[in-house]
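Look for subunit A in each of the two complexes below; its partner is subunit B in the first and subunit C in the second.
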Partner chain A sequence: MRSDPRTDQRRAGMCARDGPALRGEPTVSTLSQLLPLTIAGIVLGTMYALPAMGIVLIYKTSRVLNFAHGAIGMFSTFIAYQVGIVWGLPIWLAVLAAVVFAGLLGAFIERFTIRPLEGRPPLTKVVVTLGWLLLLTSLAGFIWGASAYHAPIQIVPEATVQLPGVRVSYLQLMTLGLASGLTVLLALFFRVTRLGLAMRAVADNVQAARILGVRVDLVNSAAWALGSILAAIAGVLLSPMITLDTIQLTLLVVSAFAAALAGGLVSLPATFAAAVLLGVLQSDVVIWVRTSGAKSLITLGIVLVAMLWRRSRLAEVLDT
Partner chain B sequence: MTTNVHEKRLSQFMAYSAAMSLVLTVALIYDLGRTSAPAASGESPTTAVPGAGPQSGTGDGIANPNAAGPSISDNRAGGTTSLPDERRGVTGESIKIGSIFTETGPFDGRPAENALRALIQTVNESGGVHGRKITLAVCDDGYDATRGVQCAKRLVQQDKVFAIAGWLAPASEAQALPYFIQQGVPVVGGGIPQDFGPKTVFPNNFNQSRMGPGIAPTVCATGAKKIVMVIVDIPHAGAWIDTMQKGLEEKCGFRAIRTDEVSAATPDYSSYVVQWRASGADSILAVLDPMSLGRLFQALKRQAWEPKLVTINAPTANAEHLAAGIIPPEGTIDFESHLWPLAHPGHPGAERFLGALRRYYPGTPINPLMELPWSGGELFIEGLRRAGPDPTRAKLIAGLNTLDDFVTDLTPPVTFTANDHDAFRCIEVLRWSNDRWVLHKPQWQCWNYTAKSARAAPSRPYQ
Partner chain C sequence: MATEAMPTRRKQTATAAVVVAVPLAVFLPVAMTDFHVFLLSQTLVFGIALFGLVIVAGLLGQPSLMHAELMGLGAAVTATLVQAYGWNYWSAAIASVITGYAAGLVLGLPALRIRGLALAIVTLAIAQTFDQLVLPSTLLSGTVGSRTIPRPTLGPFSLSSDRAFYQVTLAVFLAALWLVLSIRRGKLGRMFTAIRESEKGAAASGASLTRYKLLGFAASAGFAAVAGALYVGLIGSYTAAPYDWLHSIVMLAMLSIMGSATVSGSIMAAFTIIDMPQILQQVKLLDQLTQFTSGLTLIIQTIMAPEGAIPMTAKSSRRLAARVKGWMEAAPETQVQSEGDPG
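After this line comes the complex of A and B, so read on.
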């Protein structure tokens, strides 16, 4: 008796809704798919790593989880769009405008909406950042149109490079290189520069840092400015890949948060590694899983595992 | 610090982390969707219903497309209960209709709203219907299902509308519809599977839970053999996949080799493209929002893979789309439920539609979302005409049920009967060629569902 091909496929572990491959066709080896998918996942992970580092930078110094990070990057990218696309000015000027705007915005947010809440519970400051998220998203939608089509800022040519089983664009390679480079640079920044050391001092013990003459307010503003600049860089780099609108860049930071949490919100190398791991897992899971929820579960799983694994370290971090 | 303080801080952190994880989870499953261009202001006041803000608005899975929902069960098409005979919303000078659109939030439904307003203005300038002008009360659902239900109640209880016409509320239609049915308010427009049973609802889109056998022959005719289906995770994605698989199996002799449901927030489709190509697929059937389609196009281009690509209701690219990088690969086939006006120069209906938009909302880019409210409004207007000079809701419904091969501006001929409101059984097939959409098939491609129905010929001319 001929078996039902759909039953065969269920036994093989494939989705019951899928049909059988044509008889005689060779099946594709899972291992042979893993390499190109892993490469694609690494590239995807660096898309998360860039915004994640900005989140960690701000938290590392000011102990505020900035939910508006993605929105700051989005709004700054729209500034670049306005300057470079709408006004037709040179792209380098557009990027510079975005970076400067982001820095000023970050400093403004810290100075006038976070600093006055010193001494309040951390959740209060988090809620303020949520407010900024809503404000920036709505304002961008009002100015440039909510989810309307916008031409992206093209920084590099659209050519691609062939890697084993997958092609990667110049922009993706640039993102990978920049994320890796920033990880190293920022790690050095916190170790050898005066401002970096001051940020670490403020993060460890605010009162002691004040006593030692560190200008805590200035350091916090610098952290927010620098973190927001990273958000702007991420937005400008990523918008050609994910389309420029008020939502996508804001949402991308959700996975970035997961990577930042997995990095303990303090370690930039761990954040980078977590982001890459997240991207790889989300990419590789496509081999077996056909629903959208799996990627979300992976993200949540990484967050939970990281929090459980680092609970002692996190307890020390909170002891301020 | 003492151990107790450590533990206390740790507990606090775990509590904050749990809350944050919950927020992340909700955000991760938030369905965003759709796009369109900003639009000019309309003539009637918009009622914004205060609510909790944009949330994911999803309905339940579709088990029975003929289910009327949690309301009057004998309100199905063909039921014997008499319809409400009301003149609510009707005065000597005007008839007030209501509509729900998404004006705020992640989906910009204002162009669609403006298309309906343009139609109404056109009708009113011609003297209205039987001497009465049409007025429109609009409620913004903010892409939120809860607000959509509130909108429904407001339109019925406070605005006291005569009927609902031409609405486009993808996030809240499934939740708001039962209330309209329960209140006996006629609804003209919409196209989710729940619309196709109740006798007071007249959808103006094809039944997505049945369209598979109708669309499949055209898919097969592209030469596709190993098809991958990808659909954004909308509430009735499962029903859509099932009908397409059924259609492919019946009409083509094979099923799709793989189906993927993806989030609208998926930032990069490279891994999917790599996997699909590795699985030997030669075609992709994509039901995605325009931005997701753009990212898919980019991934295909980046991976230098050119499968046969079939889309449904794709962004019909204009200069804005092209500038944003949403460029379909050459040869992409697209199925449309409505006639795409830019592919029909000189077509009377297309010219009327475009003319009205250019007159009342100049500069607004045309997109397919505008066509649904226009055709929904057209059907309502015709039903109202047939209802006579003293319209009631019952007469409106009776009038709509007399539409027989009724020719509209942008749709295939429409036939409603008291027992069957599944009128849209044709698609237009377009092809992306030389940076624009052209007709791939010269006529509507239609299909029948019941053996006794003689309404839909295999192909029909564009009228």
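After this line comes the complex of A and C, so read on.
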């Protein structure tokens, strides 16, 4: 009865599921499955890393903890679904649509619902992002059906390749490559481009940046757009690995928060490492514990450890 | 103490409200269909749960995103004891409230070390763990999914009709209302508010943060468990679905919309959550409609009127009264000028 977490999931209906139940998860997991599970975990971890870095980026520039981050990624993924699956247009166009939509949505949220709150307590801004979470999740439910089946967005063909000792899918390889590539690009973006430099300036000292002529408002909008795009890419890449519905991708925000907190909400490399660690732990735990809920316990554990371990770094968030 | 300090005028209003509202609530079902009585009971149950949220989020200022799960815990414990162990409904309900209170004490522990926004993340992670590990657990309910729970009897009375169960719900609701009002007016409420306004200040004036924070979480979870136990009795079965994290967010959202520190706000929030989708005749989309409306309202409200609808209405009606008074005193030709001065 407990052998297939996916049946349980359907049975639970609207009930939340965390850490996406990986598709093709072996029914019997033993230690021999450690390597393939770890690889799946690394891939999952990089998918946590993208939205987690988005959360850090948004937090560093605009000082808002974005609870709607997963919901933004989810909604953008469904835009790709609409374009690529429902309308049957080419997949690259679907991905492009999702990315453009996410950028616009992020900038819209910042411009019209976060900027008017300047000077208000941080908790007020968080309440607004909770509002967006509810709004986007329910809107997606209206349009695409909350518990209906949705075909995943396949960017690469569903095939596997034999590497020494382990079989990996093209999807895993592509995801890993794309996520690492994006992370490197993001690091370069902050070092090389003017906008990246401006974002770092705003993150360090808003007043000084403003005096030096940085257009803080524009930088904030750009950060929200970029952060949202990262969530959208993660959502699209994750869709073939999980059950594509309105809830699971929205819940991605919890794992992303865990990684972002472990990175002290400042460090992108630490966030990336923590995300991969979280993915691997969530993936490998099925060897020892069969309950699908064990994954959420790991997320909770990482959140608590990160909070206590990074206390001084997180002082600003903790004290508001 | 605080009750004695209450102005006579306000006391009179309160007495009048009790004299009018309570008999009205008792006899209301006479004029209603069974279905509407059922809805009204549901509303009262959610009102009780939201009283708990008023304590922890409104008075104590801790953003808790796990309140629906705490209600679910009460529901699950009651259902398990009745179904798997053959307990009497009332003893099961009392046991579930004790369990809820204890769970509140334990789950309040992170709040001693972690404050503000970070606590919202922790409670969300706890909520997620509850959704997946605790509430659907086979250990807890013996079976996955629902099993019916017969409506209890109370002494010689059978509560199998919706109307009879409504009266019980109403009695519990009134008791909970009295309790939450006296907590708010009493020493406990003042301590909670002091901690919300400034933890350092409260600690400096001798309040034990540990004691009052844990008390706040425990009391809040206690209210939630009462609501959960009643809900199981009302619905007649237990499933994990109504107690998931989205409902927690909806509860907090609705309460913030109405005014998170107001008891009347919690009752209005319960009405909105349960009855608004019904009024709009969209029962099929109940969940999504509630989420959509509360999300949209929350965003607009936070920007336009952050203090919440009830304080805002009170403020603007006072302002209106002042303006009307001003008009009546002012000469007719100065009317236009007085409009620019809201007082």
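Everything below uses one rule, namely that the second predicted complex is superposed on the first by the 268 of 320 C-alpha atoms of A that agree within 3 Å, B and C clash if a C-alpha of one lies under 4 Å from a C-alpha of the other, contacts with A are read in each partner's own complex, and residues count from 1 in each chain.
Operating definition for what follows: a contact is a pair of C-beta atoms (placed from the backbone, for glycine too) under 8 Å apart; a residue touches a chain by one contact, two chains touch by 3 or more.
Predicted model only: the values in this text are computed from it and were never measured.
K.L.:
Of the partners subunit B and subunit C, which touch A:Leu65 in the superposed model: first, second, both, neither?
P.N.:
It touches subunit B and subunit C both.
K.L.:
Pick one for A:Gln33: touches subunit B only (first), subunit C only (second), both, or neither.
P.N.:
first
K.L.:
Quick check on the superposed pair: does A:Val303 touch subunit B, subunit C, both, or neither? Answer first, second, both or neither.
P.N.:
both
K.L.:
Looking at the overlay, what does A:Asp245 touch: subunit B (first), subunit C (second), both, or neither?
P.N.:
First partner only, subunit B.
K.L.:
Mind working out whether A:Tyr149 is in touch with subunit B, subunit C, both or neither, as first, second, both or neither?
P.N.:
A:Tyr149 contacts subunit B only, not subunit C.
K.L.:
Let me test your reading of the model: by the given contact rule, A:Ala273 touches which partner, first (subunit B), second (subunit C), both or neither?
P.N.:
neither
K.L.:
Quick check on the superposed pair: does A:Gly293 touch subunit B, subunit C, both, or neither? Answer first, second, both or neither.
P.N.:
In the superposition, A:Gly293 contacts both subunit B and subunit C.
K.L.:
Answer with first, second, both or neither: which of subunit B and subunit C does A:Phe257 touch in the superposed model?
P.N.:
Both partners.
K.L.:
Given the touch rule stated above, what does A:Pro116 touch, subunit B (first), subunit C (second), both, or neither?
P.N.:
Touch status of A:Pro116: second partner only.
K.L.:
Using the superposition on A, tell me which residues of subunit A are in contact with subunit B and, in the other complex, with subunit C.
P.N.:
The overlap between the subunit B and subunit C interfaces on subunit A comprises residues 15, 17-18, 65, 122-123, 134, 146, 247, 251, 254, 257-258, 261, 291-293, 295-296, 299-300, 303-304, 307, 311, 314, 318-319.
K.L.:
Subunit C touches which residues of subunit A in the complex?
P.N.:
1-2, 8, 11-18, 65, 67, 113, 116-117, 120, 122-124, 126-128, 130-139, 141-142, 146, 247, 251, 254, 257-258, 261, 291-297, 299-300, 303-304, 307-308, 311, 314, 317-320
K.L.:
Give every residue of subunit A touching subunit B within the complex, in rising order.
P.N.:
Those residues of subunit A that touch subunit B are 15, 17-22, 25, 28, 32-33, 36-37, 40-41, 43-44, 47, 65, 122-123, 134, 145-152, 160, 165-169, 238, 240-248, 251-252, 254, 257-258, 261, 282-284, 286-287, 290-293, 295-296, 299-300, 303-304, 307, 311, 314-315, 318-319.
K.L.:
How about subunit C: which of its residues touch subunit A in the complex?
P.N.:
Those residues of subunit C that touch subunit A are 63, 110, 113-118, 120-122, 124-126, 128-129, 131-133, 135-136, 138, 144-145, 240-241, 244-246, 249-250, 252-253, 256, 285, 287-292, 294-299, 302-303, 306.
K.L.:
Using the touch rule from the top, collect the residues of subunit B that touch subunit A in their complex.
P.N.:
1, 5-6, 9-10, 12-14, 16-17, 20-21, 24-25, 27-30, 32, 34-38, 53, 104-108, 225-226, 233, 241-242, 245, 248-249, 254-263, 265-268, 270-272, 274-275, 278-280, 290-291, 294-295, 298, 302-304, 320-321, 323-326
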